[in-house]
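Two complexes, one shared chain (subunit A), two partners (subunit B, subunit C).
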Partner chain A sequence: MINDFHYLKPASLKEALAMYAEHDDCKVICGGQSLLIVMRQGMVAPEYLLDIKHVKELSYIKFDEKDGLRIGATTTHREIEKSDIIAKKYPVLVAMEEKLASIQTRNWGTIGGNLAHADPAGDPGPVLIALNAEIKFGNSGGEKVVPLDEFFVDYFETQMEHGDLVLEVHVPTPEPKFGCAYQKFNLLDSDMGIVAAAASVTLNADGTCKDARIVLGNAGPIPLRVTKAEDLLKGKKLDDALFAQAGTIASEECAPVADIHASEEHRRHVLGVLTKRMLKKAFEQAQKSA
Partner chain B sequence: MEKQLLRFKVNGDEYEVYINPKTLLAEVIRDHLGFTGTKRGCETVSCGACTVNVNGFSVKSCSVLAIQCQDMDVTTVEGLEKNGKLSPIQRAFLDNGSYQCGFCTPGMLMSSTAFLEELKGEVPTEEKIRESIEGNVCRCTGYNSIVRAIDAVAQGKYKEE
Partner chain C sequence: MSHAKYSVINTPVHNIDGVAKVTGRATYTFDVTLPGMLYGKILRSPHPHAKILNIDATRALELPGVKAVVTGKDTLGIKQGIWRRYEELCDEQILPLEKVRYIGEPVAAVAAVTEEIAEAALDLIDVDYEVLPAVFEPLEAIKKEAPTIHEGVERNVNVTRHIEWGDVDEAFEEADYIREDWFKCSGQHHMCMETRAAVSSFTPDGKLTVWTSTQSAYYHQALLAGVFGLRDGDVRVLAPYVGGGFGGKFEIDSAQFCSGVLSMKLHKPVKIVLTREEDFIASKRRTPMFYYVRTGIKKDGTFCARESRMFSNGGAYTGMGATALYLSGFFHSFPYKWRGYRYDGYRVYTNTMPSTSMRGFGAPQAMFCSEQQIDWICADLGLDPFEVRRKNGHTEGYEVPGQAFIASCGLEQCINEIEKWVKSKGKLPANRGIGISSCGFMSGGIFNWFDSPYSFSSAVVTINFDGTVELHVGCQDIGQGSNTTMAIIAAETLGVKIEDIKVHSGDTDHCPADLGAWGSRQTLMAGNAVKMACEDAKKQLLEFAYAEMGINIVYDLDIKDRWVHIVARPERGLPYGDLVKKALRGKDGQRIVGRGYYTPHRKGMISPAYSYMMQAVDAEIDPETGKIKIYEVMTAHDCGQPINPLGLIGQLEGAASMALGYAYLEDMPFEDGKMMNPNLVDYKVIKAPEMPKTDIIEIDTYEPEGPYGAKEAGEGLTNPTAAALGNAVFNAMGIQMKELPITPERILKALREKKEQEAQK
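Here is the complex of A and B:
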């Protein structure tokens, strides 16, 4: 049973930020595909609910060759999935969205809501971090832009404080010779990942590794970067042995918990395998890309 | 708790209802308006029995606040029939025996209706059809007959009557 709340419906972003600043015990709802579940369980019972679903200023997908991709916070998952420009420039984002929950959830749920909810099993976090994304959030006093891998603090916690709204996700234009891949491991396609791994690889003109990112999903309190394995790859000529070594490091460095879906040991093993496979896939894409 | 006025369209008719803002779309549809075709199953965005279409997009009405559908256009399974004639996908479900207990049927019909509209005449692969009902669970395991029904409509075997 959802507890009673006062419903706040701002007409604009400015009004939303002002209302949020004014009300102490207040939660923000956009699509509510995560929030309503925990509200029904009574785990979240705010006095005020601020509805930003209709704040159109935050619903957009913009792309510019120089600037990269900008997605407004209230853009739905389905809009990202169906965007031609994202399919062309960031195919990994479309592939990730196609496996995110179900069509119905993607039709109503939003990218900003997903990131603000900060579930470590969420799909967009690891992929966007592998793509080197930044997130913009702000309150009535001003805005802040931080790299997405610094945004998540703990289970369901981010850098945002009371009064802050997610405003935009910015993904830079990929460098030449760049590849990025993501896969989650689950029993049903539309489920949350038991574990997941995203990897990106950027190659130098001579074929050596310029940069690599490995980000694990549901492997700890936040989307987890395995910098030790990333450092191993940088500057080297990449091959299967290195990917396997990076996978071993990932399975050691992660911090998954056991639950009804899988033991900790099983999760570590699968995270190692996924890391190895995603690095190889990203590497092969990078080799093929212009 | 101060009630809010929700003004929206359901199956083509205008409705005005005063609701507690915490009321879910499925509750308004079933309990306030009496469209009980929409089913409430898991209540956790998993089973899809409560699927309705909002402005043409399928959503799970057990996890949408009704007040967020202000000025929107909602279609429930009752709205698929036109002038006493069943819609193409409804007739295809009948002909293919695409149901056993029937509890998932309204949700399946709404998901497949949204999918068929999105196709705009393009003939989908079987995989695409299966993906279109990924958010709907059938516990009588009748998926094959449902896929056959959607395929038949997509192939143009059923016309609007």
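Here is the complex of A and C:
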């Protein structure tokens, strides 16, 4: 049963940050798609709930060819899914959102809430890291921007401290020869991933690999970059054998934990397969692009 | 073949209570609030097996707002069960006096002024347990050295069941080929939208009224009267709307029992609604089964004999599990003719939540084993699976020796239709396969282990002055649409429109007794009772019509679409409404009342009629990850005369979602007796967007025992799916899936083993 709590509803970002600074035992809610589950289970029982759902200044999608994409923290999953500019410039984000839980969840859940919750099985984290995104967060004292792959610290833990709110996600404009793909492995398409893999590939003009990012979902305490597998690819002319090899390395490099849904062995195996497949898909996109 | 053109039957209609449900007006037990009502919560055992040494509720009773705490000592201590004729199978005290036998078993219950206070009070009840050794698997529990779960029950064997016909050993000797396999079938949660719930109100006049979520208001009236030492007639059970049952809601549950005990102690209404987690860990489940199957067949595909042994995980108590044990063994022979058949079933107690009936009633497990093994045998011998099924399948007029008589059977047409459909798909891409499975199911059980003194089904129909009709039935609408089915049958029989019929059900004070919604019995049994009641009322009306119209007695009169007429000259007649008004005057103002009932006689051991079907599942396997993608589920189905085609589609879709869930998704893993996924994040059910395409081909048959030729259509459709998916995997990848659910990991393991075997060759 959910405990009783005081409900705080700030009208502006400034007020939200002030209220958060003022109340110690306070949790931020912005849709509640994750928070309410743990509150119902009694795992989290805050005295105050700070509802920033109505802080409209944080709800936006902006794109500029030079600056890239900026998504405000209280933008819903559904808004990202239905954004024409994102569909055009970052189709992988739309494909990811289309399989993120149910329409009800996407209508109500927000990108900032999802990232702040820091569930390693979350879908946006791996994709955004593969897209080289950075995240802006801050408190009444100031703001900070960090690469998203440094943002996550541990299971359900980020660099943010008490008083910090997620403010914005920034995704740079993709380089000319760039591709990015994401897939989760589950039994039901819209379910949480048992494991997942995102991969991005940037090619040089000569077709060799300039950069590759491989980020695994639910393969460890945080969205996990498998850098050994990435390093294998850089500077090389990519082919199926390399993708398979990268998959094998990724399956060794990750640290998934067994539960009733799959053994550790099966998770590693599938992570390897997904890595291989997503690299190939990203590579093919990169070849076609620009 | 259908006998006639009907005016109402076979026309698709929405459920008569659909608008009330989708607009939130329907009153479920959860919505019932009474003056002075208290809220109850149940303390449950954290141990799978432990003696209760002492329960001290002092601290809980000191909490402001707490009105009472009850334990086994506040009850009559009656060991109850639904198999009332058999004392040894009545083995469950819902608040046990001496020991707990599974995690989640009720130990005490609290009533308080709010639900929150009641819940807080649970933490203040001190229970001293002496933890006992526990056993969780039937093949362990049956061993000599296993702990005793019920005193005096040797090797924890709860019930055994032997079914045999023909000379089995001789029939095996005639076989050219014999195959043996072991299978493991999992449990499954009923997953009703509405969790178990009850509001009990005991009043100083000694009467108990219970609003509850039930599949049989009559069963609960009788069972609750039994455990509380009341007369049946002093207990009123109300169940106007029920949010699903699927076989899990006709035994007494902890919400009903504990709210009753608390209300009788306090003389106040007490409401208990189980949480989703409680529903998961402490209701009951589909019976997990281990099957050993040995089948003998001739080279030409003729079935000779089958011999099977089954060990089921009974959990802590008997419940409906004894019936599942029998039906699983019976339907394991279906739908084929065996010269010799032998089944030995052993239901074994374990320290897990009890297992019970669930949609399909033991048949989905039995078919998973049987229908896959038949395909494997066909592959071993190079036989055609369609041809083999046709050759050995039941036919009209067949008698399952000593068990059942098959009066109508569309199996062969089902096989032909699915064969056509599969062949129309042509050659499939790699890693994709279509699997088939055929089966049959009962239309209501004949057995009376409940020892009901009443007819199995009854109906009373009353015709008002304005022609509207009050139909009182005991059958229970649990979302499957039985009230709509009964309204259709009544409208057809009386010759009026569906909107003329008001159906009254789910109230033991006002509706006649009926065994309720289980075993696919209501369309046939309650449908026959409704038809008989309406024929009775119609006959009374027509007596007046003969007098009114002054016609020759050799003419037949009938009513259709509210028009009373001569059958041979339909234009000659009078409006139904006018006739009713006249008839009432002639009866000194009494309303026309018709009565009907149904109790099966001379219909074998199991059921008066059997549905038949064949299903095909089209699926693709990812050979690297083991993930299954299901494209389509196609069913050819003989349910006799469909009553409401739209209701039938609803049943098919519901069954497909439940049965596919059973086949590849839903599982109830336990660790040391504790269920590991008692929530909807970790317990996977198919959601609407993920449902594959399902379609149905209806086979036209007529069942002489059914009302207007109808048979069951809701439950049997759960039976073929797991086997059909298994066969699809077999056809796609050449691997044999012997364990449910069919998970990616199990698929990959089977693929690895296949590779190793091929390498050895």
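Please note the rule applied: the second predicted complex is superposed on the first by the 290 of 290 C-alpha atoms of A that agree within 3 Å, B and C clash if a C-alpha of one lies under 4 Å from a C-alpha of the other, contacts with A are read in each partner's own complex, and residues count from 1 in each chain.
By our rule, a residue touches a chain if its C-beta (ideal position, glycine included) is under 8 Å from a C-beta of that chain, and two chains touch if they have at least 3 such contacts.
Please read all numbers here as calculations on a predicted model, not as lab measurements.
Superposition of the two structures on subunit A shows subunit C clashing with subunit B.
By the touch criterion stated above, A:T105 is placed in contact with subunit B alone, subunit C being left untouched. In the superposed model, A:F185 makes contact with subunit C only, not with subunit B. Of the two partner chains placed by superposition, A:N139 touches none, neither subunit B nor subunit C.
Touch criterion met: A:L36 reaches subunit B, while subunit C stays clear of it.
By the document's definition of touching, of the two partners only subunit B reaches A:R78; subunit C does not.
Set side by side, subunit B and subunit C differ in how many residues of subunit A they touch, and the one touching more is B. Judged by the touch definition given at the top, the superposed model places A:S289 against neither subunit B nor subunit C. By the touch criterion defined above, A:H261 reaches subunit C but does not reach subunit B. After overlaying the two complexes on the shared chain, residue contacts for A:Y7 are found with subunit B alone; subunit C is out of touch.
In the overlay built on the shared chain, the residue A:Q159 is in contact with neither subunit B nor subunit C.
Touched by subunit B in one complex and by subunit C in the other are residues 37, 102, 189-190 of subunit A.
Listing the residues of subunit A that touch subunit C in their complex gives 1, 37, 102, 185, 187-192, 260-263, 266, 269-270, 273-274. Those residues of subunit A whose C-beta lies close enough to touch subunit B in the complex are 2-7, 9, 29, 32-33, 36-37, 40, 49, 51, 53-54, 78, 98, 101-105, 107-108, 189-190. The part of subunit C that touches subunit A in the complex is made up of residues 115-116, 119, 624-625, 627-628, 664-665, 667, 669, 676-677, 681-682, 684, 686-687, 689-690, 743-745, 748.
The residues of subunit B lying in touch with subunit A in their complex are 1-2, 4, 20-22, 24, 43-45, 48, 51, 54, 57-60, 63-65, 67-68, 70, 111, 114, 131-132, 134-136.
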